[in-house]
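Letters are used for the chains, namely A, B, C and D, taken in the order the chains are written, and counting of residues starts over at 1 for each.
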Amino acid sequence: MLEIRIHGRGGQGNVVAAYLLATAAIGEGRHAQAFPAFGAERRGAPVAAFVRIAAHPIHRRDQVRSPDFLIIQDQTLVHVPGVTTGLKPGGGILVNSERPAAELGLDPGFVTLTLPATRLAQEYLGRPVPNTALLAAFLSLTGALPLEALIEALAQRFKGDILERNRKLVEAAAHEVPAGAWKEDEDARSA
Amino acid sequence: MSTQITRGAYALPGTALAFKTGTWRTQRPRHLHSPAPCHGACPAGEDAQAYLALVEEEDFHAAWQTIVQANPIPSVTGRVCHHPCEAACNRGRYDSPIAIHHVERFLGDQALREGWDYPLSPPPAEAPRIGVVGAGPAGLACAYHLIRLGLNVDLFEALPLAGGLLRTAIPEYRLPKDTLDREIERLLATGIRFRPNHRLGRDLSLDELRQDYPALFLGLGTQRSRPWSIDGATPSDLREGLDLLQEYLEMGRIPEWRSVAVIGAGNTAIDLARVLKRAGVEEVHVISHKAIPAPDVPPEDRMPAIEREIRQALEEGVRIHEHRGVQRLLLRGERVIGVEMVHMKKLPDPSGRLRRIAFEGTETLLHVEQVIPAIGQIMDPEGIEPLLNRWGFLGGDRWGAIPDQAGLFTGGDARGDHGMVSEAVGDGRLAAEAIQALLSRRSLEPPEERTPLAFEHLNLHYFEPGQRPEPALLPVEERTGFQEVEGVLARSQVHAEGVRCFSCGECMACDNCWTLCPDSAVLKARERCQDGSHYVFDYDYCKGCGLCAEECPCGYIEMVAEG
Amino acid sequence: MPAALEGSQAIARAVALCRPQVVAAYPITPQTHIVENISKLVADGRFDCELVSVESEFSAASVVLGAAAAGARAYTASSSQGILLMTEVLYDISGMRIPLVLTCANRAVSAPLNIWNDQQDAMAVRDSGWIMLFCADNQEAVDTTVQAFRIAERTELPVMVCVDGFTLTHTLEPIDLPSQEDVDAFLPPFEFERRLDPARPISQGTLVSPEWFPEVRHANYQALLAAEAEIEAAARDWAGLVGRETGALVEADGPGEARTGVLCMGSIHGTLEAARAAAPDLEPVRLIRLRCFRPLPLAAIEAACAGLDRLIVLERAIAPGLGGVLTTELRAFFADRADAPRIYGFAVGLGGRDVPLETLGRALASSAADNPRHFAVLDLEPEKLPEEDR
Amino acid sequence: MDHQCPDPDRLRLRQPRFQGLTSGHRACAGCGAAITARLVLEATGPDVLVANATGCLEVFSTPWPESAWRVPWIHSLFENAGSVAAGMEAALKAQGRDTKVIAFGGDGGTFDIGFRALSGMLERYHNVLYVCYDNEAYMNTGVQRSSSTPHAARTTTSPPGKARMGKRHLKKDILSIVAAHHIPYAATASVAYPPDLRKKVRRALAIEGPTFLHVHSPCPLGWGHDGALSIEIARLAVETGMFPLIELERGGVTGVMPIRNPRPVAEYLRRQARFRHLFQDDAKAREELEHLQAIADHNIEFYGLTGHGPDALDTEGADTAHRGGMRWA
């Protein structure tokens, strides 16, 4: 079972990101589950969402406490208390940032990568919503799901031109990161 | 099987009918017909309310038929009646009384125009034959009602034509001859055997008549003027008012006077005064002991003449001296040159009896070329001496039966206590009923006196205010000849009066009781029910709240305690 | 191929498949997404119904009452304070035997204000005369929604479908949505014999005097008991139609040698399953899930508890001054049974507190003592309490 | 031509007007609410569904197993008649039935506890005629004050005493509030003017959308007058200006029933025990009496109720009796 925790700010499409990922997995015939850390937060507040992906039906409904990966939609969140709590040793952190990972000052015990997701989104969609780019990069890194699965998931929400732009964004974002760089970790874990 | 609960405890429609709320009742509503004041007040016995109801429905024929159940000559009475019905009308206390008199005339004229016949069939030939003497209003009415009751009639009249004083004493400007003729013609055509030119005492003897007929009605009227003098003095060329009037109506001639004083306060005095005016007399005075009728004048102090006529006389320039008596005749030799009048009033003496008092120091002189008394008439005793009472009249009980004279009845002026045409008509009807009862050996019960519906029992919220109509009058300057003074109401005005009628004490089927009953315990029937209403109380459910009685516009419902 | 749907969205789609003619609702977290999704389906022309956006939950319940009384299939949804505001109407609906379906997105009840999941709201209306079904997951929520309409219309009783707020309503997971054909085959058009109709103008909601009231109440009591059969039939027929098992009255599974049972309602069951699977060293445990809370299926519960020495009841609510509602009801039921298990009652996950896998182990450990506390809040953190409140 | 008085049992259900509320209900003698209900249904005819709020009307008309209603009728609760009616209307719409929905509520169920449901129903523009039978207090529970109780009136919860002169507050102007929903038709009516009331019901029924009829319905028990006087009292309320008969469309006044000659409010008040304390020899009493007169005067001026001439404005014969009444159809 793969457990991912996505951090963002209210209004950044954090829950959507989680839903997209789970939707992509389910589209691939996998079992998946996505839900927000339910809260009464408003726009701008730090929020989190959880995704579980597995080959077998998922029954547990508790929050993800020790994720394999973190996806952080905003570099200003990396030092918010609790963001990295519970991340498995050697777990991967994908951060939306223009800066190189080393500059973010995160625990070297984790594998950190950055992606200029906002810029990419601005470039392809004309809107500064980083989640799709981050998901694409994440899938490219982990090979957890084929990119097509993400595009299929996107196709459930968007049509025509916007879908087309998203597809381009997905491909572009995927090329920004070393494909399969985190794959073996995942294999190791699921073994 | 006992009742079982339904799913969710629903109930079936209208099942509350199983619960009889009538048991809650301590008082119950009841339909109560009270006589309408107009009905009670009509001497001829007309039920004005009944025919006004038909007038509202614009069934004028039925309305007229209702009238002639009591009065065969509505076109006449619709002109000459003093209509006490209107004085009694409850509507008078709301805005103005229903113009019953004018409605009656409208219906009477309508009948003549349309040629409507009386709703009756001639009596069988073998039916008893009754003798009626005198074809004035009383005799005519009696004959008519005898026919209605299935009896044959021989009607004797001294004059060549029927009509009595309707013909001889009422000027045409009040009652056109043509109208009179046509109503009498219709009346005589009902199967009456009319015998004109038969004068009692000359052509007929009372004894013979008593032999020939099982019963007699003596509608003889009055022929002679009351003897009159002032301290024994009478003008040499004294003319009695009635004679003068009759003579004038017959010949159309009158001595050439410049000024005349008529003494009296009745219809004869007023008629005469107006006739004199028409005949060209410049100054016509009426000297009356009583007052000109006005709202604030008590009835007993009003001139007995018809108020309407008095008003018209004043319009026409007749001068009326109220509360005056003649104290002295001013004579030049034997010729009258005037009268000395004095203020007078009837006042109670120590014993409480009313006496006429002359007030000293109020004497005034009135210079006139002639003085004409018109102070009432008495009967010509010829041939009837044994029947006369001490006042020179025939008297008669409620039914007109002459005291101690089996089979003899009378009515109208001859009674001595009835002076109005409509009273005469009523007398004739009552006598006819009495005669029929006598022949069929039936004892007559006088109908119990029921008090007419009081104004307070009406619910006035349900009536729109509206003034009575007045017919057009002939302009005063045109009142020179005998053209009728009073016009007739328009059809629409007559209908409006039907609408204005309160229907006192009678159900007018307005639906109030039916509409307002909180318990739907007043049911509307398709037809008029036996009790005269259109509604049935549903005593199974009536809780006796009394709303229906309270809201009945006509005072037709009363609440009575449950036994 | 299952669809990836958020719970609320799946429930909204299931409702639409049932073709209710009138839907009335007032938004309240966490039920909101259900109403929003239904509104969108209506707006998109994919769901033809009279959608009445009322001014309060009180009116939501009143509108569906009126609609169903007039013969329309009717649906509403709410949560927490909304359910409590509806309470008066809920009693009225069942008392008048008016069939309709309500989804309760279970949530804690104020005060203190708390928008998160527990089942206090449902417990608060447990005697309102409704059939109350609790769903373990969103697939069951979908299937139960369809079954609920048939159960309601056959029993002429209202059905409350309880789904845990957020935990289910806001969770996206794979859902097999039934086909319209299957739903239509399973759920014939609503024919309400007592519907308000000028052709047969009956009076509903009469005044019933002491002379009749006990009989009316007894009839409702019996009707609710008798509903067990329809609930089971609905689950059976549905499974036969779509080949998918939902719970019926009570679900129980575990190794035959298990002498300990853990009984719960709603989505916590999945977590307990995972916990049991994740901890093979724990003593054998029989997991018992109560899907049908009203009517309380005593026979089925007894069967499910056969052979147990101890029964641990995990509740998502608390009854101040008493303890646990379900715990108390079960203790009362088993009181006169010779071979009755010892019953331990715990409240857990109140106000949305996360229920982790460790919950199972803690429950077993906390109920080992020979004289059990009557009732306890299992996941209480005493150090957070002032001294006098511990 | 006269006929035997027909047997009520045969006549009862063969009346020329539809009787939706039969005899056998348990209202007090002279009950105004019962008159209101029967008059309204006379105008609607049988093709309606009725929702009835808890209250006198509901209680006295449907003690199981009996019902006085001959139209489909439902009672749910005190405060939800508007919503239940809305649901019924939604159902009819969904089923393509064009039967009209009527809601009955007393002043408590309308002005007070049921106000939210009423407002929601109006705002959502349901095709419902809401009829408030206003007897100006909680009569069903034994005469407690409501927001419809007139100023200075005595109820069991606004008793007069040394320190108080009955109800301290004013009667809520429900019609203006309702009309402020910008609905097509809102009107007042009185049991004292049945033709006017029926006319207004028919007008309301002809309109597609929410309509409101506020009917002044005397309560002999609560107002303290003889049941026989219910109509007289209601009429006085109108004729004094205490209860103006008006019609509003989209919030604007489009019709008023004129008062030929306004009568002093004392005539209205004196006949009811609930105002008796205002006639004691006491300065406060006199002041309140004047206050009520001023309120009536204000109504008359505000709605222009006085006319000129014998029957100045058109009462549409609302208070005229007609010979022959209603003709058989």
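Methods note: a residue touches a chain if its C-beta (ideal position, glycine included) is under 8 Å from a C-beta of that chain, and two chains touch if they have at least 3 such contacts.
Remember, it's a predicted structure, so these values are computed and weren't measured experimentally.
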Separation of subunit D from subunit C in steps, with touching chains one step apart: 1
Chain occupying the most central position, where position means C-alpha average: D
Of B-C and A-C, whichever chain pair has more C-beta contact pairs: A-C
Between subunit B and subunit C, centroid-to-centroid distance (C-alpha), Å: 92
Chain centre separation in whole Å, for subunit C relative to subunit A (CA means): 34
Between subunit A and subunit B, centroid-to-centroid distance (C-alpha), Å: 114
Whole-Å separation of chain centres (CA-atom averages), subunit A against subunit D: 66
Multi-chain contact sites of subunit C, meaning residues that touch two or more partners: 96, 201-206, 208, 212
Subunit D residues counted as touching two or more neighbouring chains: 62, 64-65, 67, 69-71
Every chain pair in contact, whichever chains are involved: A-C, B-C, B-D, C-D
Of subunit B, residues touching subunit C in the complex: 5, 7-13
Residues of subunit D touching subunit C in the complex: 46-49, 51, 58-59, 62-65, 67, 69-77, 79-80, 82-95, 99, 116-117, 119-120, 123-124
Subunit D contact footprint on subunit C (complex, rising order): 21-22, 24, 49-50, 52-56, 58-59, 62-72, 74, 88-89, 92, 96, 196-198, 200-209, 212
Contacting residues of subunit A [partner subunit C, same complex]: 18-19, 22-23, 26-27, 29, 31-36, 38, 40, 58-63, 65, 153, 156
Touching residues on subunit D, where the partner in the complex is subunit B: 1-6, 8, 11-13, 15-16, 19, 21-27, 29-32, 34-35, 38-39, 61-62, 64-71, 191, 194, 220, 226-232, 235, 310-311, 319-326, 328
